[in-house]
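So the structure is just underneath, and the comments pick up after that.
Labels for the chains are A, B and C, by order of writing; each one numbers its residues from 1.
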Amino acid sequence: MGMQEIKRKFVVPGDRITEGNVRPSMNVIKLGNAIIATRIGIAEAGRDGIKVIPLSGVYIPRVNDIVIGKITDHSSLSWEVDINSCFSGHLPAQDVFGRDFSPARDDMGRQLAIGDLITARIIVFDRTRDPMLTIQDKDLGKIPRGEFLKISATRVPRLIGKRGSMIQTIEQATQTRVLIGQNGIVVVTGRNPEGIKLAVRAIRMVEEEAHTSNLTQRVKVLLNVPDTITTTPQPTEGGTSVTQIEKGQKVEELQSNIQDVEEEIEEELEKGEKL
Amino acid sequence: MTQTRNLIDENGRRTDGRTTDELREIKITVGVVKNADGSAFIEFGKNKIVAAVYGPREVHPKHMALPDRCVLRCRYHMSPFSTDTRKNPAPSRREIEISKVMREALEPALMLEDYPRAAIDVFVEVLQADGGSRCAGITAASIALADAGINMRDIVASCAAGKVDEKIVLDINDTEDKEGGADMPVAYMPHLEQVTLLQLDGILNHEQFNECVDKAIKGCEIVYEIQRQALMQKYFGNETELKEEQ
Amino acid sequence: MSSSKRSTIIVEHLRRQQMWDAISKGKRLDGRNLDDLRPLEIELDIIKKANGSAKVKLGNSEVIAGVKIETGEPFEGLENKGALILSAEVLPTASPYIEPGPPDEETIELARVVDRGIRESEMIDLDKLVLVPGKIVYTIFVDCSIINADGNLFDATSYAAVSALASSKVPIFEMQDDKVVHTGNNQDPPITTIPISITAIRIGEAVILDPTSEEEACMNARITITTNSNGDYTAIQKGSTGAFTIEQIKKAAETARIKGEEVRAKLKELTKDG
């Protein structure tokens, strides 16, 4: 069974995707000779093997992810952060106040109050403990203003798009900046309230139709962007969402670029074989 | 349970007009409870049941968390207006037992080791009961779990078979449950071909038992097709694959 | 014993700020005016096994109420009246913040406030529901299951209970040889009035109607006011840990009468009763 036949097939848990000498990747298991889907989503074949791109599911933290979290509590040593997941994040006081942090002298509530939103990076997470966060890098920290929305974390890659193309299309057409956390929290800022509203509508459209064909076209129609214009990543005033989506994502993009090139080569080879 | 009257007529029709091998009508809607991570509403004959899943989520109280896998909690409950006689809202012993067998029917399909120190909560509420509500509840719960994006090895389908007028019939209704000779609810993972729930209430000889099991499994396979269709419909409409490069 | 709890829903600072900004301009985050109710959907007779039932959607809050009518002993001190028993359960399906278990003080208050609104208005003429005076009366159970919680469960539950009651069919019982027997016939319930509750909350200096759960998480105080078909007040409950000015209470009461009539008209049209 060729890789082509399972490309982008819609699956539900238990579905047999394919059989044979293939490697199981994300959201599948191998049972005997068969690769079985374990989530509702889109089956795909890639360099790593067969995987399913999930269309539903709670956000599970990963080290190096950029997330947008909400301060929900603090002890004398750290803030508790709701990162829209099954685990609460912790932001150590030292991360904000520095090494010589003293609970007697440094008032945690004044730095970050309950309800505040922060952009943070997950620096530690494993099966034995809750994720630990940092806000020390560039572009991380408290989010002072903007329109807040929550989308399913599974739709974040589609919202970002290949090399950031989808989100930049939305940003440029609506004159907004969109902060996206891998955990599905999104904050839209801009000077024009109409632009913000339109950006929110576009984001909701991408969330709802992430798995449909011609989505990019329909988003462009919504935003009144001519289809012939393709968005190439370029710096906008104040930094693009690409720079905000940090290093981890960039690595992912590079890998995805390599994957694309390799897939192209594979396709060419297969065509060659058929001849 | 010894029968007192005939429940199948001379034409082979049961009290609700079905033949011995017919399932009641099943309708499933996915994603009906807005706040839940996953949910489904099922109409299985006259049964009306809603299932909602929250999870994976934090365990409260924290000391109940397991270090290497997820905690699965299931609640089967009947609303007071769901039965012929009004039922007291407090959980009955029957509901507590069904909550347990329901959890044990669903657990084999879930990859709980993927979510250590978290919890998955499954809530099944029977709004109208008409025989086979635990089967319908498990069927809806499976879909709600898939809708919530929990990693699952397979979908669990559930159906009952039973003995009525000394015949083995599929999917017994409320009257047949109360007056018939045997009731056997079964839950089954159709791809892995494994049984996750089996109960018997009544008297079956060796042949009848084998026939009953086979019939219930067939019923589960039919139920599974309806479950799969409901999920595909909700997520993908009529499509089977993503057509073009986006 | 009732004790302070930590808030279950922590509203994001950005959302809270947006909410205050919008309210100061007379709008809410979902675009409604301060006085607008969310879309109200009522579906009757969805539980065929019950004597009456209704599913209500008020915005995203969803409640199903079922009426079961049986016979039993009268309440002590009310020997010549039918018995009305109302209960409500916020199902654990309704929100991530609900723990299964015996009803907590919020749920008990909810059930009792909804019950009071119906009972004090004498919506059902219980005098007409006696079988054997002093011994056997009709017992009307109204049970409400809250399926999805998104604010203002008081009104959503009340509308479900009232709709279910107003559209129910009362089985006619009679005594045969000292035994209660169902004659096989039904009758319309003896309805005297349609009680409608309207809930308002205070946020800052503004008073807004029919709050979402997010708005409730930002509220200072809440008041639920029930009126009958004459526009008289039959039940009121102030809730939450803040306070109202006297002016705000009087205005809320007036609004409850007017909005109550709007909702009553919709209910009447549906159930063709009252």
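The rule is short, and it goes like this: a residue touches a chain if its C-beta (ideal position, glycine included) is under 8 Å from a C-beta of that chain, and two chains touch if they have at least 3 such contacts.
Because the structure is a prediction, the values reported are computed rather than measured.
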item	value
Graph class of chain-chain contacts, one of line, ring, star, complete, other	complete
Pair sharing more residue contacts (C-beta pairs) when A-B is set against A-C	A-B
Chain nearest the global centroid, as defined over all protein CA atoms shown	B
Relative to subunit A, chain with the most remote C-alpha centre	C
Euclidean distance of C-alpha centroids - subunit B vs subunit C, Å	32
Subunit A and subunit B, separation of their C-alpha mean positions in angstrom	35
Where subunit A and subunit C are represented by their mean Cα positions, the distance between them in whole Å	42
Where subunit B touches two or more other chains, by residue	57
Subunit C-touching residues of subunit B, taken from the complex the two chains share	33-36, 39, 46, 48, 50-52, 54, 57, 60, 75, 77, 79-86, 89-90, 121, 123, 125, 127-130
For the subunit C and subunit B complex, residues of the former touching the latter	46-50, 53, 60, 62, 64-68, 70, 87, 89, 91-96, 99-100, 102, 141, 143, 145, 147-150
Residues of subunit A touching subunit B in the complex	7-10, 12-16, 27, 29, 31, 36, 38-40, 42, 54-58, 60, 86-88, 127-128, 154, 158, 211-216
Sites on subunit B touched by subunit A in the complex	37-38, 55-58, 67-68, 109, 111, 115-119, 146-155, 189-192, 228, 231-232, 235-236, 239-244, 246
In the complex with subunit C, residue positions of subunit A that touch it	70, 72, 82, 113-117, 143, 145-148, 187
